[in-house]
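Okay, here's the structure, questions in a sec.
To keep things simple, chains are lettered A, B, C and D as they appear, and every chain counts its residues starting from 1.
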Amino acid sequence: MIPTTHYLYLSLALFTIGIVGVLTRRNVIVMLMSIELILNAVNINLVAFSRAYGAVAGQVFAIFIITDAAAEAAVGLGIILAFFRNRETVLADEMDLLKW
Amino acid sequence: MLETVKPYLWPVLFGVIVVAVLPLLAGYVVLLERKVMADMQARLGPMRVGPHGLLQPIADALKLLIKEDIVPLNADRVIFWLAPVLSVTTALVAYAAIPFGPGFQIADMNIGLLFILAVSSLGIYGIVLGGWSSNSNYSLMGAIRSVAQLVSYETAAGLALISALMMGSSLSLRALVMAQQNQGVWFIFCVPIAFFIYLVASIAETNRAPFDFPEAESELVAGYMTEYSGFRWSLYFLAEYANMIIVASVATTLFLGGWLRPLASVHLQIPGTRMEILDLIPPLFFLALAGYCVLRAPRQPVAVQKVFMLLVAGFCLLLAAALGWSLTSAEFLPAIHGAFWFLAKVFVYIYAFLWIRFTFPRYRFDQLMNLGWRILIPLALTNLVGVGVALVLHSARGWGLFPAFLLTTLATLAVAGFLVNEGDKRLKVVAVGANGE
Amino acid sequence: MNGAGALDQVFFYFFAALAVVSSVLMVTRRNVIHSAIFLITALLATAGIFLQLQAEFLFAVQIILYVGGIMVLFIFAIMLVHQDVSLKQLRYSRQKWVAGVLGVILVAEFWFALDKGGSLFHPGAPISGGLQPNTEQVGQALFGGYMLPFEIASVLLLVAMVGAVVMAKRRI
Amino acid sequence: MDEYSNRGGSSVSTTELGADEIILNMGPQHPSTHGVLRVKLKLDGERVAGTECIIGYLHRGVEKIAEHRTYQQFAPYVDRMDYVAAVSNGLGYCEAVEKLLLTEAPPRARVVRTILTELQRIASHLLWLGTHALDIGALTPVFYCFREREEILKIFEKYCGARLTTHAFRIGGLQYETYDGFEADVKRFCADFTHKIDEYETLLTLNRIWVSRTKGVGILTAEDAIALGVTGPVLRASGIKWDLRKAQPYAAYDKYDFEIPTREHGDTYDRYLVRMDEMRQSQRICMQAVEDIPVGAIMARIGKVLKPPPGEVYHSIEAPKGELGYYIVSDGTVQPYRVRVRPPSFINLQALDKMARGGLVADVVAIIGTIDIVLGEVDR
């Protein structure tokens, strides 16, 4: 039996990598992908606990999180595409005007 | 340790069989396609390699293997290499869940259908990455089109499959077939509209005409595989045909009764024995085939071909013998005959694919999207409600299965008529608009 | 330890290593498409972990929705935006050192918490068969106790859909 | 040189959204440009914002060659322009030279010419139908069309020994008498052919996909058609009843009863219907003509060396693709001073931009098919 804490360590690793990705990369698409990674790390936690406590709630919440991720990706990518059409860039530090 | 490994032995063996036989099967599906096409187009098709072109797939495979492998300049080499492999892998993995017969299934998963859907949704990456990494306009446009197409039609296909799930109330493919056996009816007779939607959506999902946009030759040359050649190209080809067999298998399992014999609940026995008359069909079919081959053998032009024709006849005889022998054994009867009926149904489904391909012109891309989003998906949703209503009528109100489904099917058909009518009206508006410009 | 358990462990550590390695590569690759491919690998590895945790339904949902849906959307978007240029640009923004330090601090913090407090979890003895039959259990929970959140999630999706259309459409 | 950059199918990807338009090069090696037409498409997403035809890949200088050949020697060259309708090309040229010589072919020759030309029209339309359907994705009609076209080519082969570039006619009449059984062959073909057209129509005319791919696609209004000088079925599909066989009868067309099929919308579907009806009419003409072929000479008395009087002549006929005109200037020698050909495909191709603009990429393929071009004729 694998101890629950191992899942948590894995989740921690993915979470941190995701955070570092969001903070360091300039490309907004990669930032969005890093956020997906963070959500994914949370899912591992939820499912691991769901298994450990024998409660299905964790899995249900994981499904909600995936739903959320889908919504986030759709809107986020929509914004990126709209932005790219107008400004020809997908770099976060070049998005520095409130109006053009 | 041996005890741990033991339960995996049979599945691994089945897996090896599937992986080994499938490319060959795909090759012969190609031959079948060419022969059917030739038949419909008043010509003969491949006739040179082997009698009636029976060795053509092997010759083609050899030719593709020794062809030069061209990688375009500035292509992303790793992904260019990876993409076709990905395509084939996902296509093959999906076979893990398919029950070819009551005993012949690699893994009976409790999420079998979801597994197939999940794995085949991964197949998109093979196309997308291949198109992107080729560094060519045609490939990229083919890839983008294919993504849009697959994503849209997966929705319709999934919704159509759900109605079969509701009938069988399980996700395990084996349980679904058993449900059809227990209820004594193939689900296609209960939910014909769902079957139709799945038929259309599965043609679109496997990129076959009239929805073959990712590789529309008159527009995009060869779409995502424009830059591929030789063995990698043949991997894509294999994946395409493997996918065709998968969607046909899924449709067979969910709608056409899987490995069940037609009229499975009719037990007409030959007087004096336990054998059923209907079970005699498979061995007799192969006997007839063997007889035909023997008759044709002397007419072949070359000695080698005569021998080969006789070999084919012997092979058919062997199959007939196996099918006939299994009649005497209660243990093997369902297994061997099940596989026969399953494959027969799969081929009928594939034949429908081919028939449609050679009859219809190609849709335009926007028309394809309209069909998917404005007709098929609303229709699938309506159908889902209809199936729910019918099931409630059946189980809670005590209606017969057929009256309940007849009612809802007619209602869904009315919705379909309405949707198509609206679509036509919109088309007219568009045409008038174009005229006005 | 019996064989099945050993297999279980092999799967877990394999998938865990795969997930971590590919997510590191995802953050560090210059080519956005490569990043996306490594994220896909990480998500597939996570799906493997779900399977190992006997959450089969979630395994399928993860692949169908995440890998087959969301990531396809990402790749689609990457193909639509000009990506040749990004190869020549700086990968990381100026605050990368600050971010790195913050990341290390975060890891240390959580690690400390897990290390000290991990034993405080008192899970009951895991149910031997997992939550079986998994799909039915999840379904009943979803349409039973979690009906309202489910409906709210569907409204969320609708809003997101409208939002995405508004964003992406050139002329409405 | 032009605003379009020179990007081929294998160049870097340019489908980014930011740049509003991309350039896609169709051809000269593309499965559906019917030979070596090169079309530069300016695309706004999938919409066509503009097209530019680049032609000349098949240019052989046919008109210049004519100036160094005698009148008879040049006759085989005209077969190589519209090589799928060689008989019609030959008819136009022979009649033009005959006009220049102030002579006429004898009645028997004219009737045989009419029959062969109408058969050629059917063959040309069949080739068009097959390839057009293939472009739109219907794989099967092309084989049916070729099956019937084969019968026509067999008749040609029996008559003059060649199937494609026939050189069937001579200036002043015919070289060969018809073979035994010519009438029977033509009658048999015509009798069968009615059912065959119905067969094609069952495959396509009411097919939903075919209708949705062609109706409202590539609309050419009557005014535009006239302004662009478009002729043939493309013009008649826009609603203008103009057919040289009726307007200025040549060969033996004034003797036969036939109609000029027209439609009014001027879209791809109408052009399809017009050509289908034209095949029926051609079959009708053949049936009438073969019933009574006058007996008599097949060659006018014009002598072996042709020296037309100085002057010029313009003679045009209704080729399968439209008005095929020959403008010949004679300086009294054995060689023409100048020959100018007005090929129908070349003029009709000008309408491509008008029809394709605002449509989708897939429509361009349909529209190129519906114009029915032969690059040998466009480039000459």
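We take it that contacts are C-beta pairs under 8 Å (C-beta built on N, C-alpha and C of every residue); 3 or more make two chains touch, one makes a residue touch a chain.
It should be emphasised that the depicted structure is a prediction, and the values quoted were computed from it without experimental measurement.
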{"item": "Chain-contact steps, minimal, separating chain C from chain B", "value": "1"}
{"item": "Far-end chain from chain C, centres as C-alpha averages", "value": "D"}
{"item": "Interface with the most contact pairs, given as the two chains involved", "value": "A-C"}
{"item": "Cα-centroid distance, chain A relative to chain B, in whole angstrom", "value": "36"}
{"item": "Rounded Å distance between chain B and chain D, as computed from the means of their C-alpha atoms", "value": "43"}
{"item": "Centre distance in Å when chain A and chain C are each reduced to the mean of their C-alpha atoms", "value": "7"}
{"item": "Approximate Å spacing (C-alpha centroids) for the pair chain A, chain D", "value": "62"}
{"item": "Overlap residues in chain C, where contacts from two or more other chains coincide", "value": "57, 61, 69, 76, 79-82, 134"}
{"item": "Chain D, residues touching no fewer than two other chains", "value": "12-13, 15-18"}
{"item": "For chain A, residues contacting two or more additional chains", "value": "81, 84-85, 88"}
{"item": "Touching residues (chain side chain C, partner chain B) in the complex", "value": "2-4, 6-7, 31, 33-34, 37, 40, 56-57, 59-61, 63-64, 67-69, 72, 75-76, 79-80, 133-135"}
{"item": "Sites on chain D touched by chain B in the complex", "value": "7, 9-15, 22, 24, 30-32, 46, 133-140, 143-144, 147, 203-204, 207, 209-210, 212-213, 215-216, 219, 265, 267, 358, 360-363, 365"}
{"item": "Chain B residues touching chain D - in the complex, by the definition given at the top", "value": "37, 40-43, 72, 74, 132, 135-138, 140-141, 144, 209-210, 212, 216-219, 221, 226-227, 357-367, 427, 430-431, 434-435, 437"}
{"item": "Chain A residues within the chain C interface of the complex", "value": "1-10, 12-21, 23-27, 29-30, 32-34, 36-37, 40, 43-44, 47-54, 56-57, 59-60, 62-64, 66-75, 77-82, 84-85, 88, 90-93"}
{"item": "Residue ranges of chain B touching chain C (in the complex, touch as defined)", "value": "1, 3-5, 76, 79, 109-111, 114-115, 117-119, 121-122, 124-125, 128-129, 132, 140, 143-144, 147-148, 151, 154, 171"}
